[in-house]
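One chain, chain A, links the two complexes that follow: it is found with chain B in the first and with chain C in the second.
After this line comes the complex of A and B, so read on.
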């Protein structure tokens, strides 16, 4: 009799226990599991590594043309150097978001694209013949913005700039240091992928340090900070009280009338985001496993009513239109009609909400960065 | 023996149910205190001095827009930099109104909308002040007078102190409460939930970050109350200041008696829920606050549109004053929150309404009636 009572009570208890756990089991069992590794494989093999190779080629070309210019500074070698700088800067837009693995370890994106540059410190570095640029204070003295200053900013016109290199060999020396640093960093990041690739594609668990979670966070962080804030938000004054036209990307090339490239850079950056989001290696290639197919998968299983994947794709189109409405020279755009910059900012910001709030919560990925907020 | 056994089993039942619920709800029962007072180790954990500072700043900017003695640089300094105020304690507070305008974390910075606020200040300095005693007309800033009042308007007929400050009610006060501090993007940001669960306090403070975020929301509504711990704060808000609390009190006294208590009770219970680590209760209270504070904006937008139409023949200046208030409340509509995370009217919908209100000299009654009806419908008034 006593045993029976215990049996009954155990069975009643187990009903409760079963009813507790079964709800979560049901949720999981009705949703087939999405293959996160397929996304990482597609990203690694068809997007990240090819893009890094592409960037590496343009950095090689940049270094070659830099060496040629340093050897004999004239308008021909100068033009070649400028063109190769632009090509590298455009290709950079396709890799900045992958701040993972070796790139994160060596602060690749800070070293390659911190702007505005610190003009005074660059001048000191030139005069001191500085060769070691590992100090974080030198992030704003190197990379593609550092080269923008060295190629377009040390004087106010092409001829004066070329003259500076003819008259003062220290300029050429520092230019070479910056080119070598960029080249070495690019080699480090690219070469590491040959071994990192397999770790990367299999690191799909839902933890703060898994490759999937980190890459997803990197992508959202890049979109919010590297793209929205740095390219549009800061120069248009969204984060300050007044517009700050000197903070546009590739400032010196526009300022000294060499070539207006700021808009080209963000156009490519947005295209780079679009391709990653849809899992395409190029605009012509078919869509592969990606953030979008993951969102589509979740949508197909009715967890979410909103079609976030399509919403983001459409909003990227809209944002691209707003960017195309801008003058190619962002300094002029900010100084003469900043409202269009704000409109472009708003178009990008609405995507931030979809990525950071909607997508991350649907993926159940925690945001690994916090915005500073005062009280 | 048998009966005793089943009694025990019955007693155990509620325990089992509790264990079934979400992890977050380990302390299921949340009891709200009588007043908005919360302590840890005998010391208060409630702080919202930054909100009080910003509300006082908004009041001073409003006063500045009622005189012709400020320059554009001074107005922008007060708004953007948080300095240049007559109250020296504000200048050293380190707070700004501008950085908290149209910037709730759930939607992020709305750059074009924020520019509406700075444009109003610039327009006031550039165009309204130089025409301080001119006669206002369509396209001409100046003075507009009737038997009820005398107002300074811009070239489009806006009384800028009103369009601005009513816009701030939504763009700062409501937005910071419903789309920022009561949203997961603040309350649960980073490690705040785990920190709250584990009693980890903000650096050098007596509160957890989550507790503080909730109090900051509270502060945007009650920050100018002389005593926010009084027992009748819920039933009798003072209406102090020129922003949200003023209209919160008005709605509680007219359109919807009891609304103030509903909001206050939700603030108390939600804060107690944070102390208890019960986030379902917390979020339910947040939604009550979001919906009810949004209603304040909805009611006033309708009131002022209709008030304009009823006054415009007999007292045109008084009517334009009302329409200016209405403009600001309509601007504020995009910062409301219906409890699902969406505003009652989107930014695009508000922009479309504002474009119909861009020139008060040519505004159409049919448009105003349509807007009032749309708002009534959306809020279910």
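After this line comes the complex of A and C, so read on.
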């Protein structure tokens, strides 16, 4: 097939050259080539790997403070553990969308951020001194939500929780299992990038399995599912008869009054998405090759008349405002004034529309699943 | 007038033309079915989804579990029997029925070329394609030298309709003035060797291919009919279809059209081709013994002739049914299918249903993945009849699960040929109250733009 493609391509080229050799080339109608590899390099070198490194160091810190807490559970080590958990959870928001390469292979995002957790199963795991968490049923028993439960949820106040660890060493044992699992998974994903990086940046062909297309699909999928649905949609009851305040992200920390973090998490998640969309490594850095520059390129070449890139950037700002209108404690927000949650959901939904229809249509990302004749 | 028709019907054609076509068709169909099964599509498209989108009136046509494989097997074997001309009449009938049944099982997989296969195989039921060079004739001990000329002409006619009508469909402002959707598709074929980053990115190439494609479709059948342009036209056919084969994921279609257009060659060429095939078969040890040759296998049964005539009247009129509907055809897609509108629109949508329980006034959105496969969701999201059928299916599901009084609304956005996405379905219309059928769907919001043309 490859050689066939080359042969046909050459014959088409020669036919065009023969038939057009007389025509002048003074027209400025050529579309310059867009460098997709530059987008991937920017993403890999300035965004994905630095973010994974950040996440890794916060996981290291988390593990250290976890070990310290297990050794001597008291309010000082507890506070340290909570702080390091929060830092890791915030840094996680910057990497969850990259479900590609090793991350996809080991189901990194399912293992790290499946919530709500399965309390009953965690209790069983604790009592059975379970050490292997690879069963998919254990995805809701580990990762950052699992830690949220272990650090903030096994009793109803800081002191009671600390007491639980003093009285029952099995709690500390399981906490350590969860911390080690998270740490191992993070190592696997991060280390793989040293070799995967070059494959990644050169995998730009328009096939269902190229890195460029997979990253694009992951990005849109994450925005719709991980961000819009999980963080706002499900708790606010968009997909159910009633609001489900127990399904907010980082539920136990809010519930037991330790710290209200759900809004911080989604704020960071939206910022993370915004930076990827614009190709920025941080809010201060200039925009680089990205989905947005690709959309700008497509517009500049009249393939589309609309400025999808700017539309999305503006809508992200609007959505950010709607999120900042929310209470830092999503449980309270859902239970007391859910309409604001729904407003935030709608603001995110309009972005999903542009990403999923306009952007994917213009990129014409291949989904070679079955034959099609374009209808 | 009557005598002209009579004279025409009495004209004859060498029976090798139809025999060759039969073999080409049978072989390609056999390969198609093997390809389809081996790609795992039976499982993915017909067994995995819990729900299937039906053509209106054909709701009873459904996959039947693992036995669906048997259906594909029957279809494949009957295609092979057609190829070798064994029990031809019953084989082509079984092929037509099984193939059509497969296509009716789920309209998510609808493709124009599947429809083409269905109606072509229907037509072939009435053609004496086993008159010559077939197992049937070897068994009977005689074959026919001649068949009526209309038997090959009607295949040409069908091919003419496919090409010409798809050419007519290209006469619209999106295709000719905006060069859409080719502009989107060609620029994103950047990964083709050599031409991907060069030619495919040129504005003039997009226009050249749009206009070229239209002229090709409109005139290729004429060029094939006229003996002095035939060879040139056939090269065009091969070039055009191989090009589309590398550009788009259109499966077997290009090869079917290339082999199909061989029918336009004269009978001498067909005779030669049969000789070559005979030679090759002999080389592999299949000796065909000489059998008695009779003159003419006349097929001019008035029932057959009237069926074929009615068939073509329908084929000529059916694609124009869109004129009965108001609104933009590419947007509303009312009367879009079965009309040789191929590769005309780049459409993507996002559609979510909201279920309102009238008993307690509460509502919720449906997660599409709970009901549909990814492929079904993608197709459903921009096609109104899919959205309505899906809404009804979801409605029935929740009714069965204890909600007696429900309403269903769609939150739906669609982009068409590079236009900014806009709301597609009126969000205030309860889709449970809308009946399926051929009536104008008033709940589709109008496209904010105008596409002129046929």
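One rule holds in what follows: the second predicted complex is superposed on the first by the 335 of 375 C-alpha atoms of A that agree within 3 Å, B and C clash if a C-alpha of one lies under 4 Å from a C-alpha of the other, contacts with A are read in each partner's own complex, and residues count from 1 in each chain.
One rule holds in what follows: contacts are C-beta pairs under 8 Å (C-beta built on N, C-alpha and C of every residue); 3 or more make two chains touch, one makes a residue touch a chain.
Computed from a predicted model, the values in this text were never measured in an experiment.
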| item | value |
| --- | --- |
| Chain B versus chain C as contact partner of A:194, first or second or both or neither | neither |
| Touched partner set for A:241, first chain B, second chain C, both or neither | both |
| Partner chain in contact with A:132 - chain B first, chain C second, else both or neither | neither |
| Which of chain B and chain C A:363 touches, first, second, both or neither | second |
| Chain B versus chain C as contact partner of A:339, first or second or both or neither | first |
| First (chain B), second (chain C), both or neither touched by A:283 | neither |
| First (chain B), second (chain C), both or neither touched by A:33 | second |
| First, second, both or neither for A:354, with chain B first and chain C second | second |
| Comparing the two partners chain B and chain C, which touches a greater set of residues in chain A | C |
| Chain C-contacting residues of chain A that also contact chain B | 5, 9, 12-13, 16, 233, 238-239, 241, 349, 352-353, 357, 367, 370-371, 373-375 |
| Complex interface listing, chain B residues touching chain A | 5, 9, 16-17, 19-20, 50-51, 76, 80-81, 94-95, 98-99, 105-115, 185-186, 189-190, 212, 216 |
| Residue ranges of chain A in contact with chain B within the complex | 5, 9, 12-13, 16, 19-20, 233, 236, 238-239, 241, 339, 341-343, 345-346, 349-350, 352-353, 357, 367, 370-371, 373-375 |
| Chain A residues within the chain C interface of the complex | 2, 4-6, 8-13, 15-16, 27, 29-34, 36, 204-207, 229, 233, 237-242, 298, 301-306, 308, 311, 349, 352-354, 356-358, 360-364, 366-375 |
| Residues on chain C engaged by chain A in the complex (per definition of touch) | 41, 44-45, 109-113, 181, 183-185, 187-199, 201-205, 239, 242-243, 246, 248-253, 336-337, 341-350, 357, 360, 362, 364-367, 374-375, 378, 411, 413-415, 418-421 |
